[in-house]
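In what comes next, subunit A is part of two complexes: it sits with subunit B in the first one and with subunit C in the second one.
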Partner chain A sequence: MRRVVNGGWAQLRHALLLLPLLASGAAAEPDNYVEIARGKALATAGDCITCHTANGGAPFAGGLALQTPFGAIMTPNITPDNVTGIGSWSADDFARAMHEGRRPGGSYLYPAFPYPYYSKVTRADLDAIYAYLRTLAPVTNAVNRSTLPFPFSIRQSMLGWNRLFFTPGVFVPDPKRSDEYNRGAYLVEGLGHCGACHTPFNSFGAAKTDHYLEGNQIDNWTAPNITNDMHAGLGKWSVDDIAHYLKTGQTATTLASGPMKDVIENSTSKMPDADLRAIAVYLKERGAAGSSPPAPLSASDPRMQAGEAIFADTCSACHTSNGGGVEHIFPKLAGNAIATQDDPASLIRIVIAGGRAAATNERPTGPAMPSLGFRLNDAQVAAVVTYVRNSFGNAASPVTADTVKALRGRVTGAAD
Partner chain B sequence: MARRLPRKDVVIVGLGWTGSILAYELSRTGLEVVAIERGPWRDTATDFNIGTAPDELRYGVRHDVFLRPRQETLTMRNNASQTALPIRKWGSFLPGNGVGGAGVHWNGQTWRFLPDDFRIRSHMIERYGEKIMPEGNHIQDWPVSYDELEPYYDKFERVLGISGKAGNLKGKIQPGGNPFEGARSSEYPTPPMTQGYAQELFTKAATSLGLHPFPRPSANISVAYTNPYGCTMAPCTYCGFCERFGCANYSKSSPQTCVLPALVREPTFEARTDCEVTKVNLSGDGKMATGVTYVDANGEEWEQPADLVLVCAFSLFNVRLLLLSGIGKPYDPVRDEGVVGRNYAYQTGSGATGFFADVKFNPFAAAGSLGAALDDYNSDNFDHGPHGFVGGASITCAYTNGRPILYHPTPKGTPTWGSAWKKAVHENYQKVTNVGAQGSVMSYRNNYLDLDPTYKDPLGRPLMRMTFDYQDNERKMANWMAERCEEIAKAMGAKTTQVNRLNGPWSVVPYQTTHNTGGAVFGNDPKTSVLNRYLQSWDVHNVFVMGASAFPQNAGYNPTGTVGALTYWALDAIFDYLKSPRALVQS
Partner chain C sequence: MTDMNGRLPRGGDAAAAARRKHAGVTRRSLLASAALLFTASGAGAGVVTKVLPWKPNEAYPVTPVVPGGYLFFTAQEAAIVDAFVERLIPTDDLGMGARDAGVTTFIDRQLTGPYGGHDWLYMQGPFSDKPLPSQGLQSPLTPRQQYRSGLAALEAYCKANFGGRGFVELKADEQDKLIGAMEKGEAQFQGFSSRMLFSAIYANTMEGYFADPIYGGNRDMVGWKLVGFPGTRYDFRDVMAKPNQAYTLPPVGLQGRSAWGGR
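After this line comes the complex of A and B, so read on.
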């Protein structure tokens, strides 16, 4: 699967290859199992594997094309191969890349690699991750690290970007908050790099920090608002709901799909329950922000009537006619946050192209939403999506056929 | 020359119900398990999209999920005086193909056999004397009892989430259920399906006749369910696209819905699809299996060594693999010796079609196991003395589907095309229901499977030859059942009825049932069985053979419930075997 990154912090980055030279800093002893296991858990929390593994490729050997607004960036090989991976890097080199977005030779990485988040991770944790990465089998996999077009191909330009948008510095706990909150903040703001998807970008691909976690569109999916906002965010979710969602991929009413499916399968489902709970506490306590909901469209609106007819024929067998869904398998649409995001991208996309829910040890089924784009035209998709957004107690802006058409073209490569 | 692969702990031939259950239960203990499957990988999300799954032409008519005759077929004859010819288009039965096997395309009727079925020979002779036993029969008691299997039936039903109503809970008869069933340790995992108008009429009519109708146990489940493996199913929508189709709604129990989601998470499990096992390899003395040989999609031959070989293909193909591998002595009907291929059996179908006035049965609101049934005429639930036959039938009024291409019941004598046919279809679509009898078939000396002397498959191996016909006992039974069905149809208010009798020789052309059984039966005597009571080969103790090929004769029920129970029964024995590999029963 193609993974898209965060839009693009303005581009760039990379080429981690070469640069022999070692000089190892505070590397762990090779047989320090505790440190290596800790590093593995941290690498899991950071979900390194998802971006650093190509489709069908060896884990951590890179080669996945991240789609950014500035062009595709191929993720590097981070196995300890001396030539094509980071085998020649010292612990200091690794920490510098994570904290400063710089390669051992000093050249700049692009923030598609989310170093603005990793900058907050403690050195001790980085050393543990480094120790873990050293234990991987070296894989020879040379990745083209210069795929961005001019002028984004000029890595030196990241110097200016960093001055404008990058505030380095390790996470500082807030003494007025609980340890749990601070642990959650450390994970979300740092290694978890949640904002990389869930925070909107400015035109330079940098996070709009004044809209932190208020939602964004990534690879034609909606990364929803995950503030505590009652309408668009997690306001109706309890701490348990969030922790359970991250562990199992679902709550009683919703199932994760799209890029979050990968995050849950590769990362959060394997994290300790206490960390998931800390993340949930942080997300619930740090505040709410989001637009207020519009009034729902009237049921007599022709778009609603058309949508209702399509819904009855095509959707209601699984999602049920009152939008109640079926627990653990078919999402509830009534009150569903994805359905009522300002940005309807996920809803449209999933109707056109289908999707598959996360499969976890607790919930292995991973049910699929079928693709219906082959039999619903743009106007029909717009009608049914508008109906779902404004029925069962939901209220959100109507969707036009043009919006559907544009997204269909991007998702399937074909207009209606 | 086959290239040799690294050894595995367990190799499984076929990834259907039995293969997937064993693969999961064994790989979750850490054993290295590889399943080798002749057909493709199949998954609900990718193969059974709701937008394309209910395609009657593709699946119902063109048999998309079934075995292609060019992959493998059988030769067939009714008796040894004939020359068998290859079946070039599947008809009477439809073997599955691919991951999930018949568990993909089945209707989902999930029964337990009755306690008397397991000791039918002893029971019938005790009650009626030797004279009731039909000529040339090979009827034999099962080597396990209902009580021994009960916990395993229960386990299988829980994995599938079967919908039904208990009729006998721990010996106490329950209203609304089947009073003839063996004692159950617990209620069905999910409540029965909602019945239609025809089933309502059937239930009233049967009750008025002093019979005991109940909702048929169903693997099209009535409510959402999460099974002990963590797999979730959704409620059936009564779309009527079950048999011959994969279910797009996660509503029909199948390996895809019930087992594979958990199985594919096991790191020590591997599946190789589009790979056909050609032989179970044996050690020099023939007493141990060393693994299997298979051919992949490119025609390359591989040897997969393994400590344990589990034969989990469809019943007919289990038998052929044993014959081709030289495991067990082939059956010789002339001398009545040998065991592999012995006791092949099938089922009877008979009944009555009722034509009604002023009704709308809505047959399109259907499901593969939707239906009301009764067991008053099954097994030995009635006095066989006056009738002179062995066996019985489950009687059902059901709608498995009302699909547009293949479902258009018309009275006998209606033209098969043209305006008169169209008119008859239009008049009858809503007004016809069937009361059907699915009957047992006993085993006989002259019904058997062996290797064909003439015809070969694309790999040059002999096809298997099926020699089968209905015997007088079965005709008598099936035709007596047809009359019982007619009585019920009339009591339901049918204006006219048509009785569907079992006449003529068995034909491979019209579809009848895919409940082919026997050929590698289990028993307590190695002279009359291929497998011991744990489904372990008498001859090669690291080979176990699952499936309905083990049934000593067939009962008046769909086999899957019993196949599943036997799989869990054998699994316990396999765990015991793995601690100390040996013949679990001394021959």
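After this line comes the complex of A and C, so read on.
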């Protein structure tokens, strides 16, 4: 709260300083309020603030450590500070960074900054975002931009990466599809950069384009399959479900948590309903892909029997004994796509560390699940997760105690 | 020595020690600690807006009691408590009694912790000689002092009145009779209220026999199985609408139950 208050004063100070200029008619630029407002909305759709703000830091002033398979990358300051931010950048410089992943001097940005997606954004939209970022209060915050270990510290190596994995080019609408679909495609494939989390990586950290939006593991969370796949994806979700989820952080039977909580709170909950609906239409219509569901484990499997006992004693009070949950509070586990992803990371970590759901204006509660890691050992977590993945009509691969042990080590260390 | 409420007369060694300790609390130190409390709570103050605070991995688990040995009791005291609690809840055809359920270990560990010193109670008097029933505990003696002095007084009483035999050497019916006399406050111990000792062991035995096994007693949830208590469950929607039908789920403790798989 203090940050907001201070920001308000800073803006007031700027307004007061500007007053004499305006009064004397010295303002040279045309009134671009509409452009700035449009840019703000686009920056919101791109969710710039979530990555470009450190925990407890000034908005857009950078300094968040993004964990990649190659090491941590500190996000830069994108406030218009001349020395530590992008205050000296021209609109062309900004567009080049977004479209090509290059800094004004020509050096390479890492694709943790999702320029392969931003490449699809129109120049007009980039100029609007640039105009909005110029209105932010400059914040002096020098960020160490050289945290990757050798050999990844050599930015020039991104030249080769780009040749292999980067296809520049602005989004081209598909004339055979509806305007709504194309709007959704433009947002998802471009500024929204959904695939940055939801598309699996190859060993170079590039998106496997033939598995677009089929799910990935990000920061020890499962970014689920968001194709229209019936088993692992959004096949059971309606267009309304998806749009509602992005607006409010939940459907009646599902709550967003983890990184998606931030995306919804900072970005999609503030987007126009029409855009959310366009995203939903695009996701539902573009196709389904995913692994075929395995046969569920037999209820007589010892892991299932231990899991059933643990579920009855530990989980059923909220999620109910048939996995039905309670609408808007306790997620339904029956048919829950998070429960049946190939990757069980989210399921495991929520049992161990607990989880907090998104809180939005429409659904302000933000229900939380308590941490049970103190109570269940690795084999017991594996058993109950295996049980959830193979009960109530669900079917997914069993989870081993070793998988739980490895993830426990990663999610109980640093707070996130 | 005691009145109807089983209270100790003022003036035992322990009470004198307690008074000496209280005299050491000066006005200055009281004010200083009050100031510290204010400072400490002020530093942690925060405004909760929109959502309640939540942190990953947040849990305040109990450290499970590991049975074996005693931390407060001497071997002789433990043997007396073992024999005493076995008379209160004997092993019989309904299952294991208090001794086998680990109640002595439970009491031992409780006496070692904050309960044993009444750390959470106001213990600085004045203590009323004729308290109203609503005035609660009126003794400067902590549970640790009660057990240490009370068990010694019990043992001395037995040696003096049962031909040199200690409590553990008494026959079961002799023990029962003595325990009954202690309950009524009729057994006159030297320097200690027999009723106070009875009350402490009686209350702690029930606590140990029915508390979660994580605290050292209620082994294998024997107490819960005996009375049909389902344990640490807190939602019964599945069975609420099924009156007069048997509740079939077994009890579960904070550490789970055997069906969860090995720990």
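Going forward, the second predicted complex is superposed on the first by the 381 of 416 C-alpha atoms of A that agree within 3 Å, B and C clash if a C-alpha of one lies under 4 Å from a C-alpha of the other, contacts with A are read in each partner's own complex, and residues count from 1 in each chain.
We take it that contacts are C-beta pairs under 8 Å (C-beta built on N, C-alpha and C of every residue); 3 or more make two chains touch, one makes a residue touch a chain.
Remember, predicted model here, so these are calculated numbers, not experimental data.
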Which superposed partner A:Ser292 touches (first subunit B, second subunit C, both, neither): neither
Partner chain(s) touched by A:Asn377 [first = subunit B, second = subunit C, both, neither]: second
Contacts of A:Thr167 with subunit B and subunit C, given as first, second, both or neither: neither
Touched partner set for A:Ile352, first subunit B, second subunit C, both or neither: second
Contacts of A:Ala317 with subunit B and subunit C, given as first, second, both or neither: both
Touched partner set for A:Ser203, first subunit B, second subunit C, both or neither: neither
Contacts of A:Glu362 with subunit B and subunit C, given as first, second, both or neither: first
First, second, both or neither for A:Gln156, with subunit B first and subunit C second: neither
Touched partner set for A:Glu327, first subunit B, second subunit C, both or neither: first
Per-residue touch tally on subunit A - higher for subunit B or for subunit C: C
On subunit A, the residue positions that both subunit B and subunit C contact, one per complex: 317-318, 354, 356, 359, 364-366, 368, 370-372, 374-375
Residues of subunit A touching subunit C in the complex: 1, 305-306, 309-310, 312-314, 316-318, 320-321, 352-356, 359, 364-366, 368, 370-377, 379-380, 383, 411-412, 415-416
Touch list for subunit B against partner subunit A, complex: 44-46, 49-51, 224, 226, 229-235, 237, 239, 248-250, 257, 261-262, 265
Complex contact set, residues of subunit A against subunit B: 317-318, 326-330, 354, 356, 359, 361-368, 370-372, 374-375
Of subunit C, residues touching subunit A in the complex: 47, 49-52, 54-59, 61, 232-235, 237-238, 249, 252, 254-257, 259-263
